[in-house]
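Chain nomenclature is as follows: A, B, C, D, E and F, assigned in order of appearance, with residue numbering initiated at 1 for each chain independently.
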Amino acid sequence: MKRTAVYPGSFDPVTRGHLDIIERAGRLFDRVIVAVLTNPSKRCTFSVSERLRMLEACVRGVPGVEVDAMNGLLVDYLKTRDSRILIRGLRAVSDLDYEFQLASINRQLDARVETVFLMPDERYTYVSSSIVKTVAQFGAQVDDLLPPAVCRMLRRKYPLSRSRSGKRRPRRALSFLSRRGRRARRKG
Amino acid sequence: MKRTAVYPGSFDPVTRGHLDIIERAGRLFDRVIVAVLTNPSKRCTFSVSERLRMLEACVRGVPGVEVDAMNGLLVDYLKTRDSRILIRGLRAVSDLDYEFQLASINRQLDARVETVFLMPDERYTYVSSSIVKTVAQFGAQVDDLLPPAVCRMLRRKYPLSRSRSGKRRPRRALSFLSRRGRRARRKG
Amino acid sequence: MKRTAVYPGSFDPVTRGHLDIIERAGRLFDRVIVAVLTNPSKRCTFSVSERLRMLEACVRGVPGVEVDAMNGLLVDYLKTRDSRILIRGLRAVSDLDYEFQLASINRQLDARVETVFLMPDERYTYVSSSIVKTVAQFGAQVDDLLPPAVCRMLRRKYPLSRSRSGKRRPRRALSFLSRRGRRARRKG
Amino acid sequence: MKRTAVYPGSFDPVTRGHLDIIERAGRLFDRVIVAVLTNPSKRCTFSVSERLRMLEACVRGVPGVEVDAMNGLLVDYLKTRDSRILIRGLRAVSDLDYEFQLASINRQLDARVETVFLMPDERYTYVSSSIVKTVAQFGAQVDDLLPPAVCRMLRRKYPLSRSRSGKRRPRRALSFLSRRGRRARRKG
Amino acid sequence: MKRTAVYPGSFDPVTRGHLDIIERAGRLFDRVIVAVLTNPSKRCTFSVSERLRMLEACVRGVPGVEVDAMNGLLVDYLKTRDSRILIRGLRAVSDLDYEFQLASINRQLDARVETVFLMPDERYTYVSSSIVKTVAQFGAQVDDLLPPAVCRMLRRKYPLSRSRSGKRRPRRALSFLSRRGRRARRKG
Amino acid sequence: MKRTAVYPGSFDPVTRGHLDIIERAGRLFDRVIVAVLTNPSKRCTFSVSERLRMLEACVRGVPGVEVDAMNGLLVDYLKTRDSRILIRGLRAVSDLDYEFQLASINRQLDARVETVFLMPDERYTYVSSSIVKTVAQFGAQVDDLLPPAVCRMLRRKYPLSRSRSGKRRPRRALSFLSRRGRRARRKG
């Protein structure tokens, strides 16, 4: 029996941590669909098409992995893709309660849907899209945390920032430890 | 000695998990006041009067339980109701730190106030008002998670949505896993 | 070798819990710089200059401690102050994941930067700037949680509130347990 | 590609929580091997052959599931069964750190081995073999937590105990909340 | 309606943290029975009669509180005392999962039994019987953590130890951070 | 002012995770004493002199670091070494409660003693002495987790084990996932 798994997320932008989970899922199931959540009322740094393009550049060559956009209930989307498997990365204890709540409601909505939790490589335990964006705004080098294609696009987003010399800064500078940063992370 | 306990919350809307806690509290104390927090500057899905009406429909018949609206400091409200007991449901580890902080500040403000933590039925460990609203917007069936009266009112709030056929959607659709959903849950 | 440590934060306002960490850090390192994060786009209750003034009033007399304002990446600021040591207070489990993420990204940006975690006095485990502000708006006495200078300034911020008699209230009253309060805390 | 997953454990005895995980795993992979850890130096309540027999009675009829005994390193056993997938149930936060440590060392020993975490039905969040045995010794009814075949064998193990009338007790009675119970649980 | 609550534990020995919970429970319910778990096969530092005596000395004068010894299932004991309420102190996150498991099994065995969780004074968040005993063996002063009567009895248990001068030590000295200490704590 | 910090532990055996903490501490303080806890009644795999030798081989060349053996209360030992600083590595949430309890009791015994928590490199988040020993018994390669000198000594301890071919095994084989392994880990 061929099995399809869906890995949903904002991927705003996709990090090396996401890619690590995608590759692991790709070894477990015959097909993995990376599903970019599209929500017109949500403020993302990258547009849906940018996020799809970044992901496609990253998973090119990974067998069995494809990229898609989705909206609405996950259980509805799964049905359209003939899948009953959700993939979620589990980084730390603070993720657990939220992820279990999500898995629980999806199970409630469709009892046949199973959520599979994977543990990313230890190097990516503390990587999130939002923390990467926060430091990138100040010109920080984040090449170890992001795929090369994403690095390039991120640099274009924050063009005023220079390397770490600190000479030029984005106009709407965020303090790294500010409330905004903290809230962003909680959502990331 | 007759003892009155207060169970404060937003109840936006009241879930089966809330009702479970109310019933447990009702067996422990002579009187339980379910106190709806009213805050004009806060954006709730249901108005204070809607929330009061829903709760009253739900607790009708539960002996010793009444419903009230409150504003301001909990310790001040307790005094007006001649109560020194706060009830809080404790679902998961992520609740604990916040709940202990709350209990601690209330104790600081009035040393005679005691917070009593109750564990809901396992079936309601992952139920929250916000996750229920999020999926209800897409027409998901949430009858197992909400009392019947609340289900009806929720359906009236999101009239565009149909059962799970997915044909019609609320205009301002939220992606289930989107940042908004996540933030909402953290507050729920 | 003389060692300088930096203790960054919003300090909006500084609490007794913050002061406790400052004093502990002062015994561990030759110089401690309390760095107020300044972010024009962030909504703080107190202005940067107010926060600096409050902190300076509090640390006056604590040997080796000075107060500064900063913006941008922490690792960049550390370089300008010839420091490689970050101080962070660790109150509870819910802090841990966020703090480790922060320490991890800073280490990624500059491998020589070390984050030192200190445990505050048990009395301050549940004290945060935001919970103190939330209750102070209702006229609650928070003298045990804030230094005297901060208490005075906080009272001036919320002039409509009276002692606990509850007679006059701030116009934009917040319910203590409301979503706003909860979100605020998560950021605090 | 056919995929085999291994679900290792002591199963001393198998609970309804274990069976729930087995059924979920059975829907995800083509073959699931439930591997009973055999360790002569370990004190189990049930012998290896008893545990194998109980499991076989339970999984009879579940397609694609078989039962085996194993010893030694998990990564070595996986190789002999041509599997690269480990199944683990994740009940609560306190499980997480231990399970991640286990998954991490197995990944270290064989990078191709992936651990898949599944969430049991909420009803089984707090069920463990040791807590069931502890209360069964006092004659408590645990039919909701154990499969019927296991109930019968457990009753034979503790023959002195009667229903809850409390008339006859096992000679070496354990206080339910005693240190032994607590330690047992932590291992269970 | 008069309500009786049972606070079960080993109390080996009773600490100021336990007393704090007892006093809080005493304000919530008409009668509180402190139930010492007696288990012949368990190695306690103090005998059952010593523990009962210590507790009685401590709760003398606290209205509505009495001390008892118990064995067997908690739900059976509750029935004999006409109580349906269990009291448990909740100190930290690591307690939560175990306490919820306990509450869950007791609810399973008798659905009318409710577990009430109380938060001790912040000063006692990190106090446990075992850590107090471990340091007392080395002659450490633990008067702030134990009631006076318990201090005296503990000193008689470890007579070789002197104040902190460190001159004489118990023969079977335990390193404070040793595995024994750690395991003990987890059970405490 | 010269500052001495003490890093206490069993180091049975020292892992790369321990060394990582030692190096970080060495950059923070003028002198770091790695203190091996010696406890005659405790069963360690390596003797005190073996553990001292291993540590000395590992820290040779790390400036400012020395190795010592200690027994008794940490606060007493600190006094003899003219130190008021304890170093502890903090790997995960499950460590936190225990470590805070330890820091709290030490602060209680001597208010001038400060515990400094450091975060190890992400690669060592899940490394512990006991898990390394457990898998080493089966001949697993643990060279990435242990310093070379320790690897050699560990191989001598478990001479029957061969590489991963699995041909010869230690007589008293432990199942990797057995209760023993689990308990060991909790202590490690």
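One rule holds in what follows: contacts are C-beta pairs under 8 Å (C-beta built on N, C-alpha and C of every residue); 3 or more make two chains touch, one makes a residue touch a chain.
Bear in mind that the values here come from a model prediction, so they are computed numbers and not experimental data.
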Subject >> Between chain A and chain F, the fewest steps along chains that touch one another >> reply: 1
Subject >> Taking each chain's C-alpha mean as its centre, the one farthest from chain E >> reply: A
Original post:
Relative to chain C, which chain has the most distant C-alpha mean position?
Top reply: D
Subject >> From the options A-F, D-E or A-B, the pair that copies C-E, where over half of the contact pairs coincide >> reply: A-F
**OP:** Could you give the separation in Å between the centres of chain B and chain F, each centre being the mean of its C-alpha atoms?
**Re:** 47
Original post:
Taking each chain's centre as the mean position of its Cα atoms, how many Å separate chain D from chain F?
Top reply: 31
Subject >> Cα-centroid distance, chain B relative to chain D, in whole angstrom >> reply: 36
Subject >> Residues within chain B bordering two or more other chains >> reply: 92-94, 96-97, 100, 104, 122, 125-126, 183, 186
Subject >> Interchain contacts (touch definition) - all pairs >> reply: A-B, A-C, A-D, A-F, B-C, B-D, B-E, C-E, C-F, D-E, D-F, E-F
Original post:
chain D touches which residues of chain B in the complex?
Top reply: 92-93, 122-123, 125-126
Original post:
In the complex formed with chain C, which residues of chain F make contact?
Top reply: 1, 3, 24, 27-28, 30, 84-85, 90, 93, 96-97, 100, 103-104, 112, 114-119, 122
Original post:
In their shared complex, at which residues does chain C touch chain B?
Top reply: 92-95, 125-126, 128, 131, 135, 138, 140-142, 144-145, 164, 166, 169, 172-180, 182-183, 185-186
Original post:
Can you list the chain F residues touching chain E in their complex?
Top reply: 8-10, 37-42, 70-76, 93-94, 96-98, 100-102, 104-105, 108-109, 183, 186-187
